[in-house]
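Order of writing sets the chain letters: A, B, C and D. Residues in each chain are counted from 1.
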Amino acid sequence: MIRSGQHFLQIPGPSPIPERILRAIGTQVIDHRGPKFQNLGHEVLEGCQFAFKTAAPVVIYPSSGTGAWEAAIVNTLSAGDKVLMVETGHFATLWRQMAARLGVDVEFISGDWRHGVDAARINESLSADRAKAIKAVMVVHNETSTGVTSDIAAVRQAIDQAAHPALLMVDAISSLGSIDYRHDDWGVDVTVSCSQKGLMLPPGLGFNAISAKAQAASRSNGLRRSYWDWNEMLKPNSSGFFPYTPATNLLYGLREALAMLREEGLDAVFARHKRLAAATRAAVRAWGLEILCLNPEEYSPVLTAVLMPEGYDADQLRKVVLDIGDMSLGAGLAQLTGKVFRIGHLGGCSELTLMGALSGVELGLAAAGIPHRPGGILAALEELKTPGKPDACPAVPGTSAHA
Amino acid sequence: MIRSGQHFLQIPGPSPIPERILRAIGTQVIDHRGPKFQNLGHEVLEGCQFAFKTAAPVVIYPSSGTGAWEAAIVNTLSAGDKVLMVETGHFATLWRQMAARLGVDVEFISGDWRHGVDAARINESLSADRAKAIKAVMVVHNETSTGVTSDIAAVRQAIDQAAHPALLMVDAISSLGSIDYRHDDWGVDVTVSCSQKGLMLPPGLGFNAISAKAQAASRSNGLRRSYWDWNEMLKPNSSGFFPYTPATNLLYGLREALAMLREEGLDAVFARHKRLAAATRAAVRAWGLEILCLNPEEYSPVLTAVLMPEGYDADQLRKVVLDIGDMSLGAGLAQLTGKVFRIGHLGGCSELTLMGALSGVELGLAAAGIPHRPGGILAALEELKTPGKPDACPAVPGTSAHA
Amino acid sequence: MIRSGQHFLQIPGPSPIPERILRAIGTQVIDHRGPKFQNLGHEVLEGCQFAFKTAAPVVIYPSSGTGAWEAAIVNTLSAGDKVLMVETGHFATLWRQMAARLGVDVEFISGDWRHGVDAARINESLSADRAKAIKAVMVVHNETSTGVTSDIAAVRQAIDQAAHPALLMVDAISSLGSIDYRHDDWGVDVTVSCSQKGLMLPPGLGFNAISAKAQAASRSNGLRRSYWDWNEMLKPNSSGFFPYTPATNLLYGLREALAMLREEGLDAVFARHKRLAAATRAAVRAWGLEILCLNPEEYSPVLTAVLMPEGYDADQLRKVVLDIGDMSLGAGLAQLTGKVFRIGHLGGCSELTLMGALSGVELGLAAAGIPHRPGGILAALEELKTPGKPDACPAVPGTSAHA
Amino acid sequence: MIRSGQHFLQIPGPSPIPERILRAIGTQVIDHRGPKFQNLGHEVLEGCQFAFKTAAPVVIYPSSGTGAWEAAIVNTLSAGDKVLMVETGHFATLWRQMAARLGVDVEFISGDWRHGVDAARINESLSADRAKAIKAVMVVHNETSTGVTSDIAAVRQAIDQAAHPALLMVDAISSLGSIDYRHDDWGVDVTVSCSQKGLMLPPGLGFNAISAKAQAASRSNGLRRSYWDWNEMLKPNSSGFFPYTPATNLLYGLREALAMLREEGLDAVFARHKRLAAATRAAVRAWGLEILCLNPEEYSPVLTAVLMPEGYDADQLRKVVLDIGDMSLGAGLAQLTGKVFRIGHLGGCSELTLMGALSGVELGLAAAGIPHRPGGILAALEELKTPGKPDACPAVPGTSAHA
C-alpha cells in the first residue's frame, strides 16, 4: 500500500535521521588526503571525545557496531584469554559468541533478560579470580534487546573493590548520545559504539574509545589483526587523517550530529530521553501490558520492551501496526521472538512524535485484537504534562546510591 | 530553545514537504529551452489536468496563490465589470479587495465566517440581474481562514437555474489535492490554486485552470496585463515550454507531487483527509471546545478552526504550543485574530502525525491554562479506529443531494 | 543518450546551482508567520541591500524576472506616461513591448544589438524634452541576448546633465552578483533583477530595489496593481514578513547565495567574471570567429555571444554540442536566431569549468564542420595564465573615464 | 581561499559522486529488518552480480576496501598458508603486508611499479610448486598507485597451464565499474572491491565476490573471524537481509549506482574510460612528461600517473593546482612520493570535465614553473575528436592475444 506522510521509525535504532544530517551526508565527497579533510578529521575525532566524555582517543571505523565489538576484542585479547561477561540479553549473548569464535574463553554470568548487570556477581567472580586470569570484564550498558540499562559506575566499583586488573570494556552502542555515558569518570577501558542510535546517523560507523591502559594492552597482546588495529589508526588520526579511506560522507553526518548534541546540550538530551521513556511506560501500564524490564532503576531511556499477553504474537501486532499506522516497531529477538515488541524513543525523538508513535501502538492493539485497556496515550500525555515522577528512570541508574 | 526532532508544521499551508519532493526540488537546474525541459513541461502541464480533473489547459505561474487570483481577474474582467462574490471568510474578503483595487465592481454577499456559500443567495442575485451585468461569480471552495468548505456543484446549479452567463471562478487554493475538486464536471471557468497546500510543494507556483469560455472572455476582455496573460502562456505551453523562465526546481517538485497523488490515488487522498478531519473534530468536541464551522455538511477536510473559550487568547496558546511542543498552528486572521486557532491536517499528513499534533494541542491547552476537558486525543483515536461515523464531512458536501 | 558525468550548463542563466544552495532549498518549509521565518526574512532583505549596494528597500517577489519588470512599471507609471528606452537587444525589446502592453508610451532609441546604451543619445532626448514629459529612462545593464554591458553611471550622468527629473530604471537581471552594480552610487531609482543568474539560485524570485524617489512616485502614480504593489510589500517587510505566502525554499537558497557572495567577496566575484570572459574571448578570436559585441569597453563579463560564419546555423552547432559534449549553450534570440550562440560564464563558474566548456565548443565546432582554427582553448588558457591584459572588460565599463 | 564553483576531484578515488547518488544516500533510513529493506537487499545483491559479471554471491560489508581485502584473506587462508603475490605497486604491497600480519606466508614477485603482473612468472612459480603448497594467487587488477592494469585472463591462463589448484584472488578495487571485469569468465575465486571508485559512491562499502571453490575453502580453512565471515553473511543475504545492521544509506546509493551503470551500459562505460585515458596520455606526451606505466598494453583507463621532471616535486605541483585551480590530484605514494602525480579519470568523469581537469594541470605546470611544452590540452582535444588511435588502452589488455 502506498502511504502518505512520514514513516514512523520507532525501532531502537537505526533512529530517524534528522534533516540536517541527511543533507550533510548528501554532500559531495572530498579528497581524504587534503587539507579540507584534515579539518573534518580533527573536528569529528575531537567531537567524539566530547560525546564519550573522554580525553582518550576515539577511533572511528567504517563498520557496523559489530565491527567495533570485534575491534575491542582483537586489540586487547589473545587467544585463550579469559573474560567475564554478563547475559543481559541478546546483544550481550552475541558479543559473547563473537568472543568465543575469536578464541576467547568467556565466563558468562547467566541472566533472565529482564535485569541489568549485577555488580555484586562481578565482584564475586573477580574476587574469586586469585590468579587474575580474567583479562577483561565486558558488559552492555543499554541492552537493546530488552530495554534494560546497567549501572556501569557500579561495575567499575565492583572491579575496584576486588582490586582486579581486568580491563573494563563496555558496549555503549545504544546508549551513547541518549543516556549519560562517562568513559573517563567510570574508568572504562574500551567503549564500543556506533552511528545509528543516539548519534542519529545512518549505520556505517563503529567507534572504540580507548583508555591508556587498553592502549598498553593492545601493544603487548591482541589477536592477529590489521583492519581493526588501533595503532594503525592512532598515528594518522593524530594529524586528522585515517590509515585507509574513511567513510567521508558519514563523517560529514557525524560532524553535524555532534554539533546538534552540543546545541541541545547533552544534559537536555538525556533528560528528554528519560521523559519520553517515562511517558511510554505510563502508556504501557495503562494498556495493562507488562514492561519487560523488572527493575525500575534499570528502565531504559532508549527503548521500552513490552511483553505480549500470553497467546498473542508480537510479530503479528508489528505487522498490523506497519500496515495501518505505517510505523516500524522493534521485534523480540532470539528467545523473545514473538513475545515482546520494542518501542524505540531515542535519537531525535520528540514528545509529539512519541505521542504519534504510542497512538500507533494503541491503534494496532485494537486492530490486532490484543486484550488491553484503551487510554494508554492519555496516561502518556499526563506523564509529559508532569514529568519527573518517582519511577522515572535516572539517567545513570543507581549512580546517586553507588557513587 | 534548540529542539530535537522534527517540527510539527500543522498550519493550513504550507503543508510539510515530503522527502521525495524536497529531494526533487534540490536537483540541479536545466536549460529551460532544451529537450529535457520540454519533457518536464509536458509532464507537469498534463499532470495538472489530472489534479484539476479537467481537459482544459492549466497555466502555471512562478507566483504565490495571490498572483493566481490576480491572473484570474485580469484575464477575464475589465475595469467596471460587475462580479458576485461571497464573504466566506478572510481569504474571500482579500480576493474581493484585490478585485476592487483592480477596478472591478464587486457585489459582496455578506457572511458570518462560519458558513460556506449559500447557493440560494447566488441564484437570487443572478436572477435579479436581468441585464446580465454580472460577469462572474467568484467563490472560495475551501475557506482557509475558517475551515468551511463550500459546495461548488450547488453554485454551478444556482447559476444554471438562473440561466445566467456569468463565468464561475473558484479559489481552490487549499482544496486542490485534498478535497475532491472537479473543474470540468462542475463547469468551473477559472480555477485558482497554488503549490503549498494539497500539492505538498513549497510556495512559489500559482495555477489557473481555464475553460474554453474563460479563454474566449480573455480574448475580448480583461485588464491590461502582461505577466499574467494567458494567451502568452498557452502558446509556448502547447510545446512544453514557457514564455519566460519558469521556476524549474519547483516544477521538479510538482512532477513528483503529481506522481505521489497518482500512486496513492486521488480518492484515497480525499478519504484520508476526511478521516483526519473527523478525528480532529472528535478531539475538539471532547475538549469541550467549539468548532468554528457551524454546518456539519461544510466541515473542511483540510483544516479545523477552533474557537477559544471567552477571555482566552488563541495566539497565546499558539505560542505555548510552539514553545513546549515545537508545533506551529494557524492563527486566527482578521476579525478572528486571537479568537480561533487553526489545525492543519492536509497534504501528506498521516494518522500518526495527526495524533502527535493533537497531543501537542492538548499539552498546550493544559500548559496555557485553557479550560478544557482532557482526553481529546482519545476521542480522536476512537474516531480513527472506526472512521465513517455520521458527522464525517463528505468529500463534496451536498453533492449527492444536488447531483 | 544516457550520459555520464555532469551536464555543462553554460547558458547565460539559469546558471548552475551550487551544491550548498541546492541543499538549502531542499530544506523543510516553515511557518511563514513564525519567529524563525522572521529571522530569515530580515536576513534576506538586508542581504539584498548588500547585493544591490543600496540602503533603499529591496522587495522580493515570487516571480520570474519578467514579473519584476512588470512591477517596476506598474508601480511608477500611469497609462499614457512617456518613457525613454534603448534597443540594446532582445530583452530591451521585450521590456519595451511589455511597457507598451501596459499602456506606456515608449520612445525607443534604436540600436544594432551590438552596442550598449549610448548615453549621449539619452542626453539628447531628455534635453529635447522641455515639457519633462518623459517619466522614466529604462535601460538594460547587461543585455543577455548580446553580451553587451552598458555604462549605467554614464546614463545617470546624461540624465543629470539634462537636469531631467525622469526616474532611472535599470534591468540588472543578468548583471547582479556578476558585474559591479551600484544602485545608490549610480542614482538608480528602480533596479530589476531575479534569482537565476549571478545569484546562482533556481528561477522563481524577482527583485525591485526602490529609491525614495521611486517610492514617492508609486504613491501618486502607477497602474492598477495588487500583487506587484510595493507599498503592500514594504510594510510587512519592515518586520521581516511578506504580505502573501513567500517562496520560502527559494529564500533559503537566497540566504545561502548571499552568504557565498560575502565569503568570496563581491570584488573577487566581479574580477573572476572578467577573467573568465577575457579567456572566452581569447578562445573565440583564436577560432577565427567574431564576437557579437563591437565595443571592447562593453564586453560582458557574464556571457559572450559569438557570430557564426555566414551560412552556418548556430542552433545546429548547439545541438551537436549538446549531443557530443552534454553541454547547453544559449541560443541566438529573435533576429539573432541561428546567427549567434551564447556562452554563459556566470554565477559559480570557475576557471576549470570554463575550460571544459570551451573545450566542448571546440569539439562541437569540429564535429559540426564549422570553419574555424583549432586551438581556441589554448588561447583561453594563456589568458588565464596572465589575466589583466588590455582588452579585458572593466567591471564597470567606462566608469573611470566618465566618473 | 574561498572558491566559487565546483571543486575538481581528480584523484583516483573517491571519484565525484553524481547528484542522483548523493540524493539517494541522503534519504531517510528504514528498518533493516522490514519488507522495504528486503527489496533493497535483493536489488543490490543481484545488482552486484551484474557489476562483477558473476552468478556467484557477492557479499557487501560496511567497511573500506581494506576491510574487503582482509575478508578475502581470513575466509580462505589459515595461518602459515603460502600465497603468491606480485609487486605491482603500493597497493599490492599493502595487501601483502596485511597478509603477512595475518600470518600468511607470502611469496612476493618483485616488480618495478611500472608494469603489471607478468603471467609467465606466475606460471613459473606455480609450476615449481610441486607440493601445491601455494593456496592462492593474489593480484591487483588495476594498480591505483601506478596506473597500470594487469591482464587477469592471462593470470588465469597461467594458473591453468600449471594445473595448479591455487585460488585466484583479485583486487578489483579501482577497476570495477570502470574497466571490463569478469569474475566468472576469468575464473576468479575472490574478487575484492569497494564503493568509491567506478561505482561512484562514497567510501564505506567493501565487496567480496566469491566462487563456489572459495566458499568451499572458507568452510574448511580460514583464520579466526567473525565480522568478515562469509557464511554468516550468505545465509541472511539469501532472503535479502544482513547479519548485522547494514549501511543502509550507502546501499541506497549502490542501488542508484547500479541503475546508472545499466542505463549507460557497461560497454559504453568502459569505452568512455578508455577514451578519457587516451586523451590524458595525449596531453601528458604533448607536455613532454613521462607516463609512469611503461607498457602501452597496460595503460590504465582509470588513472594516469605522470612522472615529474628530475628535481621537481609533484606534491608542490599538486599544492599549486589545488590553490589556483581548486582541483585535487592524486599524490605519489610510498617510493613514488613527490615523483609522480596521478590524474583520476574514472567514475562519472565526462569529456568536458576531463578537459577542465587537464587545463588545470597545464595551468599548474606553468604556475609551478615545471618544465613542459604548453599545448597538452590541445593534444587531448584532438584525441577526443578522433578516438580509437593505436595506443588506446584495450579494455582488457592483451585479452585478444592471450585468449
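The rule we apply is simple: contacts are C-beta pairs under 8 Å (C-beta built on N, C-alpha and C of every residue); 3 or more make two chains touch, one makes a residue touch a chain.
Keep in mind that this is a model prediction, so the values were computed, not measured.
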More contacting C-beta pairs: A-B or B-C? The answer is B-C
When centres are defined as mean Cα positions, the distance from chain A to chain B in whole Å is 46
In whole angstrom, the CA-centroid distance of chain B from chain C equals 36
Chain A residues touching 2+ other chains are 16, 19, 23, 26-28
Contact graph of the chains (line, ring, star, complete, other): complete
Touching chain D in the complex, chain A uses residues 7, 9, 11, 13-14, 16-17, 22-23, 25-35, 61-67, 70, 79, 98, 101-103, 194, 196, 202-204, 223-227, 243-250, 322, 328, 331
Chain C residues touching chain A in their complex are 19, 23, 26-28
Per the touch rule, the chain D residues reaching chain C in their complex are 2-6, 8, 16, 18-19, 260, 263-265, 268-269, 272, 324-327, 348-357, 359-360, 362-363, 366-367, 374-375, 377-378, 381-382, 384-385
